[in-house]
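Quick heads-up: structures coming right below.
Each of the next two complexes has subunit A plus one other chain: subunit B in the first, subunit C in the second.
Let's look at the complex of A and B:
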């Protein structure tokens, strides 16, 4: 048994010994015990693969988007515990897809949705329009609208404050109220981050990673499906790719690129291309109509084949 | 509220010092005195006072509310259905826009020269003043002019002929409800937008802010294009924040530029691809032969539509015939007008 004295090992000086003695730690064994407790507190427990799988099966939910083509692309829908990203050029329908998904989750699945709007594009009238096409019952429409909670933040620090507040008490408060929160949408992430990246600014990357970290923690800890939208840039060959760079590309688990169809008969047709997925082969393409969200398109396209004309109902 | 130190709106160097001193969470800092913080983090006393001030602002009820309180979509719906709108007096355009230029959103109007952008803006600056009893907003307008095209006060006077029945609305009154700011370059424009929250709190009756045009100061002498994109993105976020917090409509005008791809050239809105994401709604005014068309290109609540309009002595109005996009059914009157670059339909005065 080694009594702790000054000089027994580097780092132990007079002050240190006094501090330890005030806590009643006099021997080397006690110090080692303290070390073990600290390690146990801060290390992660190893979990067996089978247990992880069981946990995943019981806690993950798949939220259907309401659109069969998009569901097919996303392997049945939005997975909780993950971030899914929608990228597209202006007017490609990212916000509309977010609205449709929010309406589907609040009305069909009867779950609460949090919608963080950073561009002012949230339009409750449009949500009402979509609900009216699903059900003529006013009560149901109002109930569904009440399940969609909107937060409006316009810069990255407010976004971080908002996410940290959701993580600490916002989400629990909302689920106590009635109806569990199953989805969080951020429209859009690039609007607040793109002005902070680049040039001589040295904080942009850190803020980007903090936002990614907060979203991932919210998704994992609360079993929520997170849907974010992003803008697009052109890469070296002139092809479209999602914005915010390489670092952000690791945050979402699934990435979808939305595009208009050039010269299409109706202006509401869009194609969705899967650009990153851990469950499906990449570059799958599905076409869908923003106006007829719940209907399946007769044909789905892959590769470069053109869409067949859809006969009018 | 759980706030980590790296997410606070402080200078990066300050945050590094605080984190190195062991402060990871904002709640630990709120109870500290400046002298204490100064000693522990190794920063000067002024800096310590500044940090604590930022924390206090962050924890203030107003800031907290913005980040924590959520509206349900139902509350938003009630807000949106509030009475009053800024009509354009061109019924086809109003229909396409969903009733009027929306309050609480930014609308971008793009178009080639002399297609009617400034005209439409001036019309809106007058229309926002329509009294509430007539379905308007009864508000004032702030017009930020960067091109120097706000010269035609006479055009405003002609609009009042429409409202001769309303004795209260005289030309003087209309002009006095309009605040005009002239910005000569992008620095002045950025400074003006930065100061707008103060101005708007002093003049809460302002319901419309027009920036004509936002493209002009950013297109000339700007070498660093990525800096331009960043400045524009920041500006767009500030504008949408103003529009939402002060419930006003923000209208921006943009110019057109030519994009050459695959040997073909196309007219596209200026300021780049990323600017397309900035405005909530985008309206593109263009020519087709001798007709003026307006296309709603991007909107959160309306479908895309193309309508025809004309510019008359009285201002922006519906085109006389049915709005069709086929070229044969257009009615073209004889070109006249001395200071316009394209023929304008004019009633014989």
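Let's look at the complex of A and C:
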């Protein structure tokens, strides 16, 4: 049994020994035990692939966006556990698409949606308008509106605080009340991050990675579909690409570029191009109309479980 | 042949365990001369096929020998919640179906086979470089107790770069401390247990040699020792090595992934160029990403 003394190994000096002794750790064996406890508390534990697969099969859901063309592009809709990104220039309809998807999830699918608004563009009247076109029943409209929870943040630190709050208790509280939270939207993530990037600042990049990490953890741990919006920039060849740079580009699993139709600037028609996807070939394009969100068309259903219209519990 | 049992290869010095030689039958590894004990870095922009190649490797390793696999265990360390189990399973199902052409009856049986393959895979999620370091220390025990583990994959090892860089303040040594310790640990793991380590790094630094224009690189970079890895192929300007020197020292093979061209039948072709410290020159390989995994179209 090795009694801990100064100099018995590098790093152990007088103060360290005193601190250990005050906690009643006098031998090498006890120190090893402390190490074991620390490792057990802070290490991540491996999960067998088979268990992970089981868990995923039972918990992954696909949320339809309500628009058949967009659903086709996204391979049936928004997948829980992933971040989907919508990029587009100002006025291309990103917020409108977010509103439509939120309304669909709260009204058709009867699930709770958290909407983090960073630009001040969230307008309850618009949501009400959309709901009114779906159902004349006031009660249904109110119920759907209640399922959309809006949070307003205007800088990246409040965004991080908000996400961390959601992760630690907000989401659980919301699902206790009867509805389950299935979607989180951040409109837009570039509005708070792009001002922090650039120049020699390391802080901006670190914050960007932290935001990406928080969103992913929320998506995975709570089985939520995360939808974020992003601005666009032009690359070397003059083509549009999503903003926030290379480091952010790894965060979303699926990326869609939204554009107006050339020559028809005042119409509500848009094209969506798939720029990154792990399930479909890239550069698929679908057109749709912002004003007629749910046209009647048959869509194909892929093999996974799909959240469909549910009757009231 | 696919029916050969994997050859066991003893390490050079005494007291080390026998590990299955995971090169057979893995043409990908043989072609790039990857041996047990090597550390391979996959470097590339987003969407260039690094993770797909990893899924290809994983399925090859965990599949049963009858289907052309190795039946060895793999540990996958996921640092940015990137791991797509559903995608891996569809690649696995595709490969298993290919392996057994007689049409094996029921769906239950194929699910059973998938499940038994997946039991050889362990997935760990880390969300900070400290947790990565602690997890690797914990995994050392796993490696010593499980001789069938011969592949360690870290996807990706560069996820904490910016966060560490900010937390380290002004001192480069502080910024790189965690990754340096991880690199030293990985070096010990590969020497003692003869495993192959694959790690992906995201290409986020622009190579100044090609374009001094707008880039994401703040001022000075801590990786001036990139001379060792000056790529012979400068068609891509996002291949600058930026992780700490300790990591660059242990890497034996560096594979650069890029999107190449669109083939005549509208399929995106991806390319990977491999440089290694042991051989001169650059070995290239082309591949497509299909519904059920990677299809190589290799030259040379």
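In this section, the second predicted complex is superposed on the first by the 287 of 313 C-alpha atoms of A that agree within 3 Å, B and C clash if a C-alpha of one lies under 4 Å from a C-alpha of the other, contacts with A are read in each partner's own complex, and residues count from 1 in each chain.
Everything that follows uses one rule, which is that a contact is a pair of C-beta atoms (placed from the backbone, for glycine too) under 8 Å apart; a residue touches a chain by one contact, two chains touch by 3 or more.
Because the structure is predicted, anything quoted here is derived from the model rather than measured.
J.: For A:273, decide between first (touching subunit B), second (touching subunit C), both and neither.
T.: neither
J.: Once chain A of both complexes is superposed, is A:121 in touch with subunit B (first), subunit C (second), both, or neither?
T.: So A:121 only meets subunit B here.
J.: Quick check for you: in the superposed arrangement, does A:100 touch first (subunit B), second (subunit C), both or neither?
T.: Once the two structures are laid over each other on A, A:100 reaches no partner at all.
J.: Could you say whether A:195 touches subunit B, subunit C, both of them, or neither, answering first, second, both or neither?
T.: In the superposition, A:195 contacts subunit B only.
J.: Touching A:60 in the superposition: subunit B (first), subunit C (second), both, neither?
T.: After superposition on chain A, A:60 lies in contact with subunit C alone.
J.: Return first, second, both or neither, reflecting whether A:282 touches subunit B, subunit C, both chains, or no partner chain.
T.: The second partner, subunit C, only.
J.: With both structures superposed, pick whichever of subunit B and subunit C touches the larger number of subunit A residues.
T.: B
J.: Does subunit B (first) or subunit C (second) touch A:203, or do both, or does neither?
T.: Touch status of A:203: both partners.
J.: Answer with first, second, both or neither: which of subunit B and subunit C does A:149 touch in the superposed model?
T.: first
J.: Of the residues on subunit A, which ones does subunit B touch that subunit C also touches?
T.: Residues 199, 202-203, 206, 210 of subunit A touch both subunit B and subunit C.
J.: Quick check: in the complex, which residue numbers of subunit A touch subunit B?
T.: Residues 89-91, 95-96, 99, 114-115, 118-129, 142, 145-155, 157-158, 160-162, 164-165, 167-170, 188, 190-192, 194-199, 202-203, 206-207, 210, 231-234, 243, 267-268, 291.
J.: Where on subunit C is subunit A touching in the complex?
T.: For this pair, the touching residues of subunit C are 45-47, 62, 75, 80-82, 84-89, 114-127, 130-131, 134-135, 137-139, 142, 156, 159-160, 162-163, 165-167, 202-204, 216, 218-219, 238, 268.
J.: Please name which positions on subunit B make contact with subunit A in the complex.
T.: 1-4, 6-9, 12, 58, 63, 66-74, 76-77, 79-81, 98, 104-106, 224, 226-227, 229-231, 233-234, 236-238, 240-241, 243-244, 273-274, 276-278, 280, 282, 297-298, 300-301, 303-304
J.: Sort out for me which residues of subunit A touch subunit C in the complex.
T.: Those residues of subunit A that touch subunit C are 38-39, 42-50, 52-53, 56, 60, 199-203, 205-206, 208-210, 212-213, 216-217, 219-220, 245-247, 249-251, 253, 276, 278-279, 281-282, 304.
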